[in-house]
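Going by the order they are written in, the chains are A, B, C, D and E; count residues from 1 in each one.
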Amino acid sequence: MHRKYVIIGNSAAAVGAVEAIRRNDRNGSIVIFSKESQSTYSRPLISYYNQGKVGRESIYFRPDDFYEKNDCDFRPGTSVFKIDIHSCTITTDSGSDEKYDRLLIATGSEPVVPPFPGLDTVSNVRTYTSFDDALALEELISSGLSRVLIVGAGLIGLKCAEGISKKADVTCVDLSDKVLSSILDDVSSDLISDHIRSNGIKLVLGNAVKAFSGNKAELADGSRIDFDVLVIASGVRPCASLFKNAGGLTGKGIIIDDHCRTSAENVFAAGDCVESVDMSTGKYKVMALLPNAYMQGECAGSNMSDTECVFNKAIPMNALTLFGLHILTTGSYTGEVSDDSEGNDIRRFYHSDNRLNGYILINNIDKAGIYTSMIRDRVPLDTIDFGLVRKAPGLMAFGRVYRDKTLGGKS
Amino acid sequence: MYELREGEFRNISGCAISGIFSRSGNRFSGRRIIDSMKVMHERSNGLGGGFAAYGIYPEYKEFYALHVFYDDTQARKDCESFIDAHFDIINLSRIPTRKTPAITDEPLIWRYFVAPLPTRLAESQLDEKEYTVRCVFAINTSIKGAYVVSGGKNMGVFKAVGYPEDVGEFYKLEEYEGYCFTAHGRYPTNTPGWWGGAHPFSLLDHSVVHNGEISSYDANRRAIEMYGYKCTLQTDTEVITYIIDFLHRRKGLSFKEVCSVMAAPFWSTIEAMPEDDRNELIYLRSTFSSQLITGPFSIIVGFEGGIMALNDRLKLRSMVVGEKDEMVYIASEEAAIRVIQNDLDRIRAPKGGECVMFTVDKGDE
Amino acid sequence: MKRVYVNEEWCLGCHLCEYYCAFAQTNENDIARALKDKVIKPGIRVEEHNGICFAVSCRHCEEPLCAKSCITGALTVVSGIVSVDTEKCIGCYTCILNCPYGAISPSEKGAILKCQLCSDNTHGSPACVKGCPNKAIVFEERGL
Amino acid sequence: MMIRAKGLSTREINSAISAAENKIDIVDCFGERFIGCGSSGRRINITGTPGNALGAYLDGSEIIVKGNAQDAVGDTMNDGMITIYGNAGDALGYAMRGGRIFVRDDSGYRTGIHMKEYGDKKPVIVVGGRCGSFLGEYLAGGLIIVLGIGCNTFPAGFFTGTGMHGGSMFIRSAVPPAGLPEQVIVKQANQSEMSLIKDILKEFCSYFDISADTIYDRPFYMLTSNSKNPYKQLYTEN
Amino acid sequence: MPVDYLYPEYEVIRNYDRCINCRVCERQCANEVHEFPENAGKMVCDSSKCVNCHRCVALCPTKALKIVKSDHTFKHNANWSGKAITEIYKQAGTGGVLLSSMGNPENYPIYFDKMLINASQVTNPSIDPLREPMETRTYLGSKPKEIRRDQDGRLINTLPPQIKLSMPIMFSAMSYGSISYNAHESLARAAQELGILYNTGEGGLHESLYKYGQNTIVQVASGRFGVHKEYLGSGAAIEIKMGQGAKPGIGGHLPGTKIGGDISRTRMIPEGSDAISPAPHHDIYSIEDLRQLVFSLKEATEYQKPVIVKIAAVHNVSAIASGIARSGADIIAIDGFRGGTGAAPTRIRDNVGIPIELALASVDSRLRSEGIRDNVSIIAAGSIRSSSDIVKAIALGADCIYIGTSALLALGCHLCRSCQTGKCNWGIATQREDLVKRLNPEIGTVRLVNLLTAWQHEIKEMMGGMGINSIESLRGNRSMLRGTGLNERELEILGIKHAGE
């Protein structure tokens, strides 16, 4: 049977889906709609682009011949306007209809832009989530506009700051008194702030922008900051409205099950646009992260092409390097904390009920995946040498049977 | 320079052999075997030839016929007094020979028909055959200049230094009639030749002619000497003869079994056999492992009422068997058979290790 | 597919695998010249504790979490071998965060470093296996 | 089942023993060797004089000899019981690892040499009379009791306990042992030590109809070893 | 005491241009010769601890190490050698009996090296072992004295139990305790693969090796360690150890420090307790007592197993062997004075016993002269170093040979002769867990199989050259040997002629 797959979106989730579909179905047709004009690229790389670590050609997530090789009908620069889950049809902005047998919504997320008073008076405002943003920012800075104010000292804000720090005079403002408040705990956050400051970024924390007037920001404590370029990095939200408008079940994002199925028949969703179960807590959560996106996309693609696949291992995870400092965090910071930090080596482990829930590693991140797997596999801590593994991550803590299986290939 | 006599060094040689046998026991002249051997002249070098003849003394068939070489009359005296002390001598005579320029340096060649002295035999607590064997060994090892060439009943060995056909002429072999003749022409590589060292080699009625050189010689020799045999000649043939005597007479193995010991099948062959045969061969081969003969050989064994031929298990020496009516011919070369019986019913080359045996009564076994 | 397996029972903790691995990566032909005064960065690493020791290298998983989570597409599976394109890799270490075996490590050049079964050097087959004096590391077909 | 041993070969006797159900009476025994060799689960009554190596490698059977036994009784015995209503010869219980041997009267030289124990296996030899020299040589484990009944001197010959490095011996004697090797500790057994052998003595006495009182009239000397490694200091690595 | 200080016998030479500080040498040396002091920044070593086992040399990835004999020396003295002097120092310092291991290293004649093997030329064809069958299968055991037949004239199998071997080579007795479990397992597995037998030695048989029973000789020594009915029944043959070539007349002694869990279980003695094998079996003081032990073992195993009696080659070995051949034993193993050992008093090892070549020749001749050679098979042992040694031994009269040291060398032994320390860096003569694991039986098995397969090929080549295609035709075939540089008496004892004759 010839099947028609339609994918809305063109990032990691879409790529995961295409690769999975093609493993199972070489004949069906795949149509990919992307509102952006580029081939699929890696969003997290945009700061590396600005930093000069990644060239224009290296930002792409897959080789040039990806669409051709996977026999995809790729339609760049085409936004989807409407989904009709009853007639299995989508409608593009240009009004053309496309029928689908299976639909994947991988629309990703969009930056949140808070309604700052006077924002409309500011010139050179950008968000920082797309390659276009990165290109625009580069152009602005290289045109001599070197004072950049970034609103938000979260992941996006700080990566942006790092990306442009060599060429611009950067100030970061955040309402919270901690940087990276969404991914770090208080203890580790302070170390990062110091490190960022020592790399020439001005951090203004615990202080919100009240309003803008022209290219001047007025802060809650009354101070003012002049800038040339404003970057709004106040987080992202899932692009779930298409599906919501079609009558699908959504929360903050599109609700999916462990097969990446939505509430609508033959409609799947994956990536930043969805809300799924965080296995470190068991609760629904938006986890807008590339690895999750890819694996959800792959799971969706697999199920779309009739090969059953379960993905129930989504967890929040972040791997980032800020000014040479490695930060790896995973899971949720709930339960008791065991702190094995030594100096600038931060090793903090959150655990409860004999399970590891989350961890934060800064600096020495060697073999961190072993901790991740402990969370992902819900490894009972009393079955391993938890004390040992915290200090010296390794399979040593897991016992012979586990190693015989994993390293020795013995069942 | 002192020349080593045969028996004092290990002799290595190549050879020709032939045998003629009547399955019905009809007697025929020794002329035929001479003719057969003549054809294989090239396989000999004039340093040894000889014959074993069976059924030639019907009038004395109850008595051991001792053929003896003497270096001198003193030896004869000593020997005869020994014989006299152990046997009843029924008849004694020189063995008739004819002068021929090809045969020189002949010893004194005498023949005795004897029976063990009943009193001495009883004293010895041996059976008659063993008694006779021991006496023969005693003469050969302890009486200087005397050598018993053969000592079986109704048979005799005629051998000399020379080409076999000349040896036959010398002994007037054409005047003897027997039901079986075997013959040997010798090609020793490093010997001056000695009359006693020529083939056939015999013990009681067993005689062996042998073509080849066995690699297992010392293993066989040292094993057989454990059982009272004395390998005085250091020839392969001698040790083979003793092995046959040991296995057949002393251990009571059939000739077929003897062959399974001397030219035992390879273990791989044994393993592939049906269980009964396999067990028997494993038993024989492990029990008599020191009697396995390796290296190239073909032998013809004459015995009372029969003839047997055997090739080594790799068949490193040639041997053919021809049959015409009741006559059997065995020789190193087919030509040696054809020359005396061109019109054969059947001719074949036995397999290595295959026991080829014919007896007067039972025929082909 | 043939993989590198570790027979813990026979691992002596000699660390030769690490050195042979590091040597293999250099594509030099003299190990002394290649590794003299160098801090080695092997793709296989020995864990030791309380008399137990074993070496760990990439398992080349059939469902490689590292490749699936790679944000640049630098990690891909090439004929069963989980391979890294070091030109593409920007050293974000998402793979390190995901590898359940701790088999990926940062490299000095800012990318990551992992075992590629010596498919990427002149050794042809894994140098750690050839160098293991006790057959604790083997390269064979075992199912996973 | 009854076996008349005279004229039978050892093999015939032993195959009859293994063929028998349980209880075997062997009569007319005159030096037939290896009786009950390696046997288990049988009860063998012997009348006469069994030959050497009676019950060698015995693995659980019970052998009762009405008469004297010769040399090497219970050689390398693993388990079982041998009771001799008379004397035993030399090398009684050599290298024995388990089970018990009771000898009513005397035993010869080298009684219980190299007996050893392992786990729950703990061999016991009790000799009612006296023993020859080299009693308990190389003793590595187990228990040897010599009662010296009817003996007014020390009831063992010379060199008792040579090379002893385990196990214990209890020797009932009016006079203390003399000339023991250095590593053997000797002391008069106290009450708690005596309680260790109380049950065995009781059993021994009941077997041979000996009044228990008669054996407690004299002290028991307990011999043990002070080292499990008697030759530790002997060598120099070269 | 400074007076006892002796300059090390060996020096470890490190090529610092090649050393990459990988510290493999340090980790691999149980003698703790090598060290990497953090402040030195380079490897250093203490040669005085070195036993010259080559473990570090072999494993050094950059080949930066070598070990040389120290040139430090005493004043030259042909009589008082450095060895003699240092041994006196050792004894004066400790009062101890000098203890050494492996075989006699002294300069006595090696008769194998003075015998040459024959080959066929012209008169008798040599046989090409690559094409023609070439049999090395060997049966060991007593041969029946008489042939019996049933009523139908069929032969009755009167053959006593035999050991069947694919080649006339077995692994000689090395106890679990003196060598490691992994060494034992390697021997057992190799024996099984090769169709030969290995020998438990006197330490009993580890339960997990019972499965190799068909390829096992279980030994009964004077200590009777681990000897019980199941043990006796578990092997294909039983060996009574009366003596050992390395230490004739001396018992064995495994110190309590080596009696750990598994060894203790296998020997059936408590952990930490010395395992002492008395010099004699105290139930054997004469040849008739030996007969008693032989038959008690046969009784215990229902006459299903051949019994081997192993003796050291001593002066009147042929008379002893003659006695054994009449004792009911099926096989005699004779161990020459070069045989190895885990530990022996140095003086005994180096001065007691006689060479196996002479012992073997005289035993074989003696048994033949008495007509009882077929009562027994003969195993020769005591430093068989190559296939040509084997060919020579068999031509002298052996049915089979035992190899011990050669097998250990195949397993990695470098003959440093330090077995007695228990710190064998090659995982062979040790019970230390971290060292034992250095011998992976999978590798050990392959190496043993390789060695013997190669030797078997060589034996076949030599046999083929002689025109012999079955090993039994080589046995006692002394005309296949000639001596070189031997005196009349030696030739006479060996029963061979001089080369050229």
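Following the convention adopted for this analysis, contacts are C-beta pairs under 8 Å (C-beta built on N, C-alpha and C of every residue); 3 or more make two chains touch, one makes a residue touch a chain.
If you're wondering where the values come from, they're calculated on a predicted model, not measured in any experiment.
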Next item on the list: Please state, in steps, how far chain D lies from chain B along the shortest route of touching chains.
Entry: 2
Margin query: Suppose chain centres are the mean of their C-alpha atoms. Which chain sits farthest from chain D?
Written below: A
Check: Roughly how many whole angstrom separate the Cα centroids of chain B and chain E?
Finding: 47
Note to self: From the mean C-alpha coordinate of chain A to that of chain B, what's the distance rounded to whole Å?
What the structure shows: 103
Note to self: As a quick test, compute the distance in whole Å between the mean CA positions of chain A and chain D.
What the structure shows: 84
Check: How many Å are there between the centre of chain D and the centre of chain E, using C-alpha atoms for each centre?
Finding: 36
Margin query: At least two partner chains per residue is the criterion; list those residues in chain D.
Written below: none
Note to self: For chain B, give me the residues that contact two or more of the other chains.
What the structure shows: none
Check: For this entry, which pairs of chains touch?
Finding: A-C, B-E, C-E, D-E
Next item on the list: Report the residues of chain E in contact with chain C in the complex, numbered from low to high.
Entry: 17-20, 22-24, 27-28, 58-59, 61-64, 433-434, 437-440, 442-443
Next item on the list: Would you pull the chain E residues touching chain B in the complex into a rising list?
Entry: 120, 122-125, 127, 132-133, 135, 137, 139, 141, 143-144, 146-147, 149, 154-155, 157-159, 162, 368-369, 371-374, 397, 466-470, 472-480
Next item on the list: Would you tell me which residues of chain D are touching chain E in their complex?
Entry: 10-11, 14, 33-34, 37-38, 40, 52-53, 56-57, 59, 71-72, 75-76, 78, 91, 94-95, 97, 110, 113-114, 116-119, 121, 137-138, 140-141, 163, 165-166, 228-238
Checklist line | chain E to chain D touching residues, read off their complex | finding: 87, 90-91, 93-100, 220, 222-224, 227-229, 232, 253, 255-257, 264, 267-270, 272-274, 276, 278, 282-283, 292-293, 295-296, 299-301, 303, 343, 345-346, 418, 420-421
Margin query: Going by the contact rule set out above, which residues of chain C touch chain A in the complex?
Written below: 3, 5-8, 47-49, 52, 54, 56, 59, 65-66, 68-69, 71-73, 87-88, 90-102, 104-106, 142-144
